[in-house]
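Okay, got some structures for you below.
Each of the next two complexes has chain A plus one more chain, namely chain B in the first and chain C in the second.
Entry: the complex of A and B
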């Protein structure tokens, strides 16, 4: 279980916070996601939870370990895949994993099995320095599960990967979750959030704006969007409006009264559209 | 913990054995040893120097020349001047019917004993035929220049150990792998110790190779090890700092050079400067390490002396370490 209460973080300790009053809980076996645009503070929050960044203010308990108390033992239970791959470029894929295995006190997965899992079979003896970006990322990802973590932290697990590799990685995450692993991930990709997460937190400028399951969010916002195409000064304009929000309702009325409507239909909102509605910001 | 330290060391070794700069550093000690052998005379040549007064003591001069290099001077003052030069020359001066030894006080015990014995042999009229093999044992006096070189190289090798550590830290930084290590149960202490092993081993194995090749293999290894380890503490701390603050391998290797300066200063102070200057070098850990090594290399150091010198080196290195430790800790975050 992960429990975070009133978490704040300021890199320069200058009164400007990159993470502001963040509170949430992740149940065991849940997949929880931070969805937000670049610079929102997703990695910052995640790095505090893993212990890469010091805990400045707030209360954080990860897998039963209070982060205020130092304990290296807890790293046996957590795994982290980094946003930017970080492996020894002078060592081969297998040497990288073999070395990392020796640093844990718990049973670890065999390097060969792991490499096979992420599609690096046959590349065991190639130096990581000669890997492509995607291959390095897969090696970094493979390394994060070496100690069979109970808590698995994934910072942008699929960003920048080609679609088929991204699909493989999504499958692995689902599989591990089925085995009972608790997953905390960050992403600015609404499809990932939608497909993988039991619950998502919308985060903008270091603050959580909302936490709910993708399903609930769509139920709440989904049927209540209309997509309108109309003609204004000879140009076709396309817009999406809510049938719930007062200003959107007024806008819709105006369009119907003053313009030629070309098409108009209700549609299921994507997570991104909901994000924009809720936070007033896009995901990029 | 030992298992993890070992794993970290094995990883470093594996990488270093494939890296040309690191390989070069690993083999420098042997290179140095071979060079020293090429450029210095053999260890078995006599170079005990004796300073005598010129006069009608031809028989004495002839006798002593069998065992040592004899220089003649006109006055007692000149003999005294010669003795006070920084090499180990001993004066033999007449007083009444006997001779007494004039020393400066810093000559290795072996040399003084040697001079005493040849002098008494002369007084007792012992001929070279009467002497037994024991006398030849004393002749195994070490040429001072060779000893100086070997001693300096021992200190240099400990700096090389620091250099190697710096290289390996730079690698971790370039690959950004420190953050991955920080998320394993191997704590920071394990990491620091693991990364230090290769530096310490280089300095221990390199030094042993050096002394064996240059003919000092019979010195007290335990004493040497003690001085080595305390000196390494300094090189290692500096190695970590340089690794953490340099962005590439060349800068790291280059910036370790700041240790060469105190090293040379210490050696030169002891070998070239007179007594009144010595106190200006007491802050320098290499100064004390050199003194300790000097006793060890001339096989005349007592454990008491070695403990004292190592203690001083440890104290100074410890202060340097305490000063650098917060920066190292911060750099490893």
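Entry: the complex of A and C
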């Protein structure tokens, strides 16, 4: 599990905090998402949790390890996939993974298995420098699974990827989570957060504004609407009605009884709409 | 095991990169230049042009004097070609001079003008006194000009007797001396080993920073010092390879190779630790260039004192390359001066360990930098 209490971080130690009084907990086996625009403090918080940035103020426990007590041992339980691909371009895909396998003290996954998992089978002996951006990202992603991590940190796991690769990555995350892996991801993509996360935290200007499950957020903040297309006097009419307001409910009933319905959809508020509603800020 | 894996990975990376071959290529170039272009000892023979403007019986007396010092005891008729003009001359070769006796005053002036060498006309006046005309180049010192002025006031015998009365005693005579070519080797070892190591390890760090792999390493259980030490290991390998590539063909069996290896390892460790520390303050090679260049210039200063012993201020001895040069010279001479080399090596090892420890602390704190 991950426990964060009153976390602060200032890059220049000048009282201007990039992360301010952040507190949250992530249960074992949960997928927890940090949702916020660029520069909100998502990656800073993530880098503190993974030890890439020193803990300045606050209490952080990751996988049972208190970050105030430095221990490299904890990295045996942790996997980290970076937003920017960072592999040795002069080494082949297999050499990259083989090297990292030897750095862990726990059993590791076979390089071939990992490459197959991310769709890089047959590219074992190609230098990473010759890979496309998407292939490099997949290799970086594969490397993060090498030690079968219990805590998996993913920084913008699908940003900049084409939809099919992004879908593959999402499937792998879901699969690993089913196996019991705790996932902490940062994203500014509300669809990823909606699809993958058990809970999300909205973070703006270094502060957490709200934490809840996507479903609860939609129930709490979303309007319940239905979108109807029907034919009246030979013309297609499109309208959106509330399923809560009495007059809209009567209107909907009248349309169903007296007109030929072409399409009818219930319409939920998206996480992005809720984010804007709660924080007053966009996600870009 | 992790350290060894890191070292093997670094060797692979280095062998597929550009910097690894710079040192080896430099070593090959230096070796070729030393073997093919640099003589074992630089030629110290002066060249002089003389014309004797006097009857042949008189000039014969001078020539016989010269001939007594000639290495093969005979004059050789030669043609000296300068600017497509040939001049007839007789060549007398002594241990420190090449004397061309020309056939006319015009030829002497011509050679002084074209060859930029000191030339002289020895002339017998009507009253049978000998006059000496010297054609100088203008750069000669006042001391030299004054010497020429008094040289012929006294008789040669008086000057020689005065010289023989000087009490000159060597303070030591049981020492080895490097030839001119060998004497340049300590400089080569310092430059190709220590200074290149400083620059190249910084370049390796900046390449890793650019690729972001240092962050990926930081989220593994391996300590940062192993990552840094594996890079130092690559520098040690290239330094030893490139140094031995030059030293063995030129120096043969003369050096103490075990001591040489020890000094190469400790000095390369010191300079690569210094390179790591410098690189820890900068994000890329462009930002670091000024600092690296400054350090390299400072390190080069003792080389000047090495070749110009008259300029040797005390503060130079504080620059690390000063003891490096002295140490390498001692090792190359094959003096078996273990104590001296061990003392220097221990010093570089100790300072290297301190610099490495500081670098390690800095890299732990500035992984994202």
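A few comments on the model shown:
Here, the second predicted complex is superposed on the first by the 240 of 284 C-alpha atoms of A that agree within 3 Å, B and C clash if a C-alpha of one lies under 4 Å from a C-alpha of the other, contacts with A are read in each partner's own complex, and residues count from 1 in each chain.
Methods note: contacts are C-beta pairs under 8 Å (C-beta built on N, C-alpha and C of every residue); 3 or more make two chains touch, one makes a residue touch a chain.
Everything quoted here is computed from the prediction, not taken from an experiment.
When both complexes are superposed on chain A, chain B and chain C clash.
Once chain A of one complex is fitted onto chain A of the other, the partner contacts of A:28 are absent, as it touches neither chain B nor chain C.
When both complexes are overlaid on chain A, the residue A:90 reaches chain B and chain C alike. The residues of chain A shared by its contacts with chain B and with chain C are 50-52, 54, 72-76, 78, 80, 82, 84, 86-91, 95, 99-100, 102-105, 143. Remark: chain B residues 3-4, 7, 11, 14-15, 18-19, 171, 174-177, 179-187, 333 touch chain A in the complex.
Considering their complex, residues 50-52, 54, 72-76, 78, 80, 82, 84, 86-91, 95, 99-100, 102-105, 143 of chain A touch chain B. Chain A meets chain C in the complex at residues 47, 50-54, 72-76, 78, 80, 82, 84-91, 95, 99-100, 102-105, 140, 143. Touching chain A in their complex are the following residues of chain C: 1-2, 5-6, 9, 12-13, 16-17, 211-213, 215-223, 365, 367-368.
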